[in-house]
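Structures follow.
Look for chain A in each of the two complexes below; its partner is chain B in the first and chain C in the second.
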Partner chain A sequence: MIEFAVDTTAEGVGVVTPKGRLNMASARGLKEVLDGLVAGGTSRIVVDLAETTFLDSSGLGALIAGLKSARQAGGDLRVARPTEAVTTVFKLTNLDRVLRPRDTVEGAFDA
Partner chain B sequence: MPEPTIPGPDADDERRIELSAPATPEMMQMVHAVLEQLWANHEDVAMVDRIRFETAVIEVLGNIVEHAYRIESGGSERRFDVRLTATDDALIASFGDDGMPASIDLSDVVMPDEEAESGRGLALAMAAVDEISYDRSAGRNHWRLTCVRQRG
Partner chain C sequence: MEPATAGYGQHVPRRLLVIRLVVLLTALLGVNYVAWRWVFSVNWDAWWIAVPLVLAETFSLVDSLLFGLAMWRLKERGEPPPAAPGLTVDVLIATYNEPIDLVMRTARAALAIDYPHRTWVLDDGNRPEMREAAEAEGIGWITRSAEWAGMPRHAKAGNLNNALLVTEGEFLLILDADQVPLPAILDRTLGYFEDPQMALVQTPQWFANVPDDDPLGSQAPLFYGPIQQGKDGWNAAFFCGSNAIIRREALMQLGVSRYADAVEAGVQRALRTARSVLRQARRGLGPDDDAVRRALDSIEYDISRARRELARGEALMDVTYRFQQRVASVRRELVAADLTALQSDLAAIAELERSAGEADDGLAGIDLGALDQLSARDWSPLGAVETVQALVDAVDVDLGSEAQPIMPMATISVTEDMATCMRLHGLGWRTAYHHEVLAHGLAPEDLPTMLTQRLRWAQGTVQVMFRENPLLQRRLTWGQRLMYFATMWSYLSGFAALVYLAAPIIYLTVGVLPVRALSTEFFIRLVPFLVVNQLLFLVVAAGRPTWRGQQYSLALFPVWIKSFTSAFGNVFLGRSLDFAVTPKTRQEVDRPPWHLVRPQLLAMAALVVAAIIGVVRVGTGHAGAAGTAFNIAWIGFDLAIFSVIIKAARYRGFDPAATAPPTARRGAA
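After this line comes the complex of A and B, so read on.
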């Protein structure tokens, strides 16, 4: 099953790392983690997708929901280091613009 | 009325994996595991084809689990079966389930806009593989997916 590592950087950016498959069974967990960060005042979030081995439409929905709530709170959600499986799904759903992958977690909020 | 799309038995058993199970979210993990077995049997399948096929299989299964409610037997247990086949040319998945008719017209399926938080499942499945068909016959839903393999 999936695990979510959650960390906050010195700059106050929340870093969430889903480890495993983001699918129908685990998407709700991601949504809860993202909602929890925003509710706790962390509205700049990076989702590090380097260990996400699979992504389905439920996982995408959780990312989009997180993106919207982070923006509503004055921040943003960015994605970094996607695996090939994740990149493929972003492209197939035309979400590679709104979820533009960043090369590093540290630099995700640089530009 | 079209015939059920599940193909008949063939002699080459290691090319094919079958699973019959309750249509519950927990079964997703089992289908991922079955796909891992298929790739172990077919190491020559390109990564891009594995990703496309697995994406479509999981989206269709998600649709079956989410939307199919069994008419008979008091709605207690719905079941699905899936047959996954790898040939030199294509990856094929055939699903059958005893849920309610899916009332889906695949020609109407469109990708929602980027703000949408749901409704991408079948559009993603259709974008991922080359062919998807759905029909209802003999009180069962039948899905068939075909992913034409990339030429090495």
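After this line comes the complex of A and C, so read on.
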């Protein structure tokens, strides 16, 4: 099972932390969490992948869908702290050319 | 089509050896004949027919060589590996406007599939009565999400892409609304996915409502058999849109990597366009527009910076985010600077609004968001502001013109299956063809519907050839490239057919011979090639009927030609394909629809008239008996080919009483 911890920083950045396996069964859950944040007015979002043990292409699909909603609302979506295995999935699909994972959650919107 | 049976595999090596021997013979004799034709036998004095004929013959030779190449690796898989327990599967039934009863017949059969799964009706028609019928029997109902409103719908590909995001099984069984699955369909196919690189397993499309003589050529025993098995041998088994099981991860990976590629290409293109748009805009500025000129300079600087950043390998989203933020801020400055000039306009508008009873604070109330809107308004006096707006839109990396950023099923063609499969192969996935009838479908039962369907298939294939030519796909092996190319090549037969019709008519009526002489040498080279070519068909088919297929590949020449011209117009000139969904129910017709096959009827009449003239010319001493006899024999063959059109036009639909029940003959699988 997967859990999504949702937090908002003082700067108004939404932080979503998927805990567990982010796969075809849980991707839709992530998309709903992200859409909910954007609908609630939080369009700058960091997805903290430090506790994501597994990520498949459906999980990537949910991240991309979230990125689209955030950008359409004038914000952005950043990913932070992926594990080695998750980084491999980014590379496999060339998505690392599009989204650069950040080293920290706090600094995700710095540059 | 005989289902694969246990033990059949033991014969494969010998069968394959025989096939390879005949393939080699066909290739040798074919090249020998056509090379000789080019070098020694073209009648250059009558080049206007001689060259088309030798080109048509070369086309046929290449067609035959590509067929031989596929047969070289014929792969008969036999018994499938057993399905692992515990896999999750979604059965997806795609429908648009088919009758509810027909969809429900398929849906009930899908529900009754043995292997545990979930069943969904993907209702592109968004019909309340379809939903009610499905849900009443515990079948899921899915229609397009709100995101699709006002976006390109992409027909069946879009329907499936939509469903992919709301289902979650590891595997998907894709069914057309009229393909009734057998209970064993998943147990017999899931085993292939033990191979972690296996993306897709295609099973045959076989039609239950077709009489033995198959007047409309609906069954494709050669395609759903040796041809798919040959492609399978090159790891190029085709996805045919229905009766296939797909690994979700493969499709989603395809979707994500296509997204990444599309974003990269889109951003590079947008930045290039942006710069030229900017220069265009600057040309229109007057000497007093200093503020605007400075703003445009500033944006041009940002474009250069963005391109440098991309060249350094910075992530696209970071580059475009910064760029869009910069452009937005420049735009705000620009509009703010221009507000004094606008003030009188605004006052007038505010006055209007006040008089309409909507109090407005005037300029003080305009926030940043309102400024954004302001710059998008048509009445803005600065054309450059709008240009800036267009720039921001152009660098919209979210692919705002599509409903979903991820489109796993290819949308470049009206037949999404072939393009999707080719891209999966490009990513290194494997596919398999499992030769066992595991669904009973419904074929068109009248000529108009059949013609529409064939045109659609041909158009889709040609679209893919124009948009993503398989020969140029560097990530495919050469075998795979040629297997895809072979299918596209075969649709060129429409043009060859024209020449094969014209050549004997021209000889018999005006006496012009496109070859130097109908000499003994000509026949010694031609006849053995024709014989081994037919022998290859015979050996490969192993008892399957092939004559209908041969007839239709020539007799539908107007359809094939139209598929090329319309797909060319669509891909290169942006014209509509006049795309029509294939009707699944019989269209009632009172009399044979002769008007739909007028070109074929005219061709047949011309052949007959030419034969009569030919005989008269021999009688009056204007033509030689041997040449005339040869050409009349050729015409006889053409007429035998075209006779299927008359049969098809007169066909009145399927009468089950006239045919033995299909289960008794074929469904033993």
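Here is the rule we go by: the second predicted complex is superposed on the first by the 111 of 111 C-alpha atoms of A that agree within 3 Å, B and C clash if a C-alpha of one lies under 4 Å from a C-alpha of the other, contacts with A are read in each partner's own complex, and residues count from 1 in each chain.
Assume contacts are C-beta pairs under 8 Å (C-beta built on N, C-alpha and C of every residue); 3 or more make two chains touch, one makes a residue touch a chain.
What you see is a predicted model; the values in this text were computed from it and never measured.
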Clash or fit (per the criteria above) of chain B with chain C on chain A: clash
Which superposed partner A:Glu51 touches (first chain B, second chain C, both, neither): neither
Which superposed partner A:Gly61 touches (first chain B, second chain C, both, neither): both
Partner chain in contact with A:Arg71 - chain B first, chain C second, else both or neither: second
Partner chain(s) touched by A:Ala27 [first = chain B, second = chain C, both, neither]: second
Touching partner for A:Thr93 - first (chain B), second (chain C), both, neither: both
Chain B versus chain C as contact partner of A:Asp35, first or second or both or neither: neither
Among 77-85, 275-283, 563-571 or 635-643 on chain C, the segment whose C-alpha atoms clash with chain B after superposition: 77-85
Touching both chain C and chain B, counted on chain A across the two superposed complexes: 24-25, 56-58, 60-61, 64-65, 68, 92-95, 97-98
Chain B-touching residues of chain A, taken from the complex the two chains share: 1, 21, 23-25, 54, 56-58, 60-62, 64-65, 68, 84-85, 88-89, 92-95, 97-98
Complex interface listing, chain C residues touching chain A: 88, 165-166, 168-170, 248-249, 252-253, 255-257, 259-261, 263-264, 314-318, 321, 397-400, 404-406
Complex contacts: residues of chain B adjacent to chain A: 25-26, 28-29, 32, 47-48, 51-52, 54-55, 58-59, 62, 65-66, 111, 114-118, 120-121, 123-124, 127-128
Chain A residues within the chain C interface of the complex: 24-25, 27-28, 31, 56-58, 60-61, 64-65, 67-68, 71-72, 76, 92-100, 111
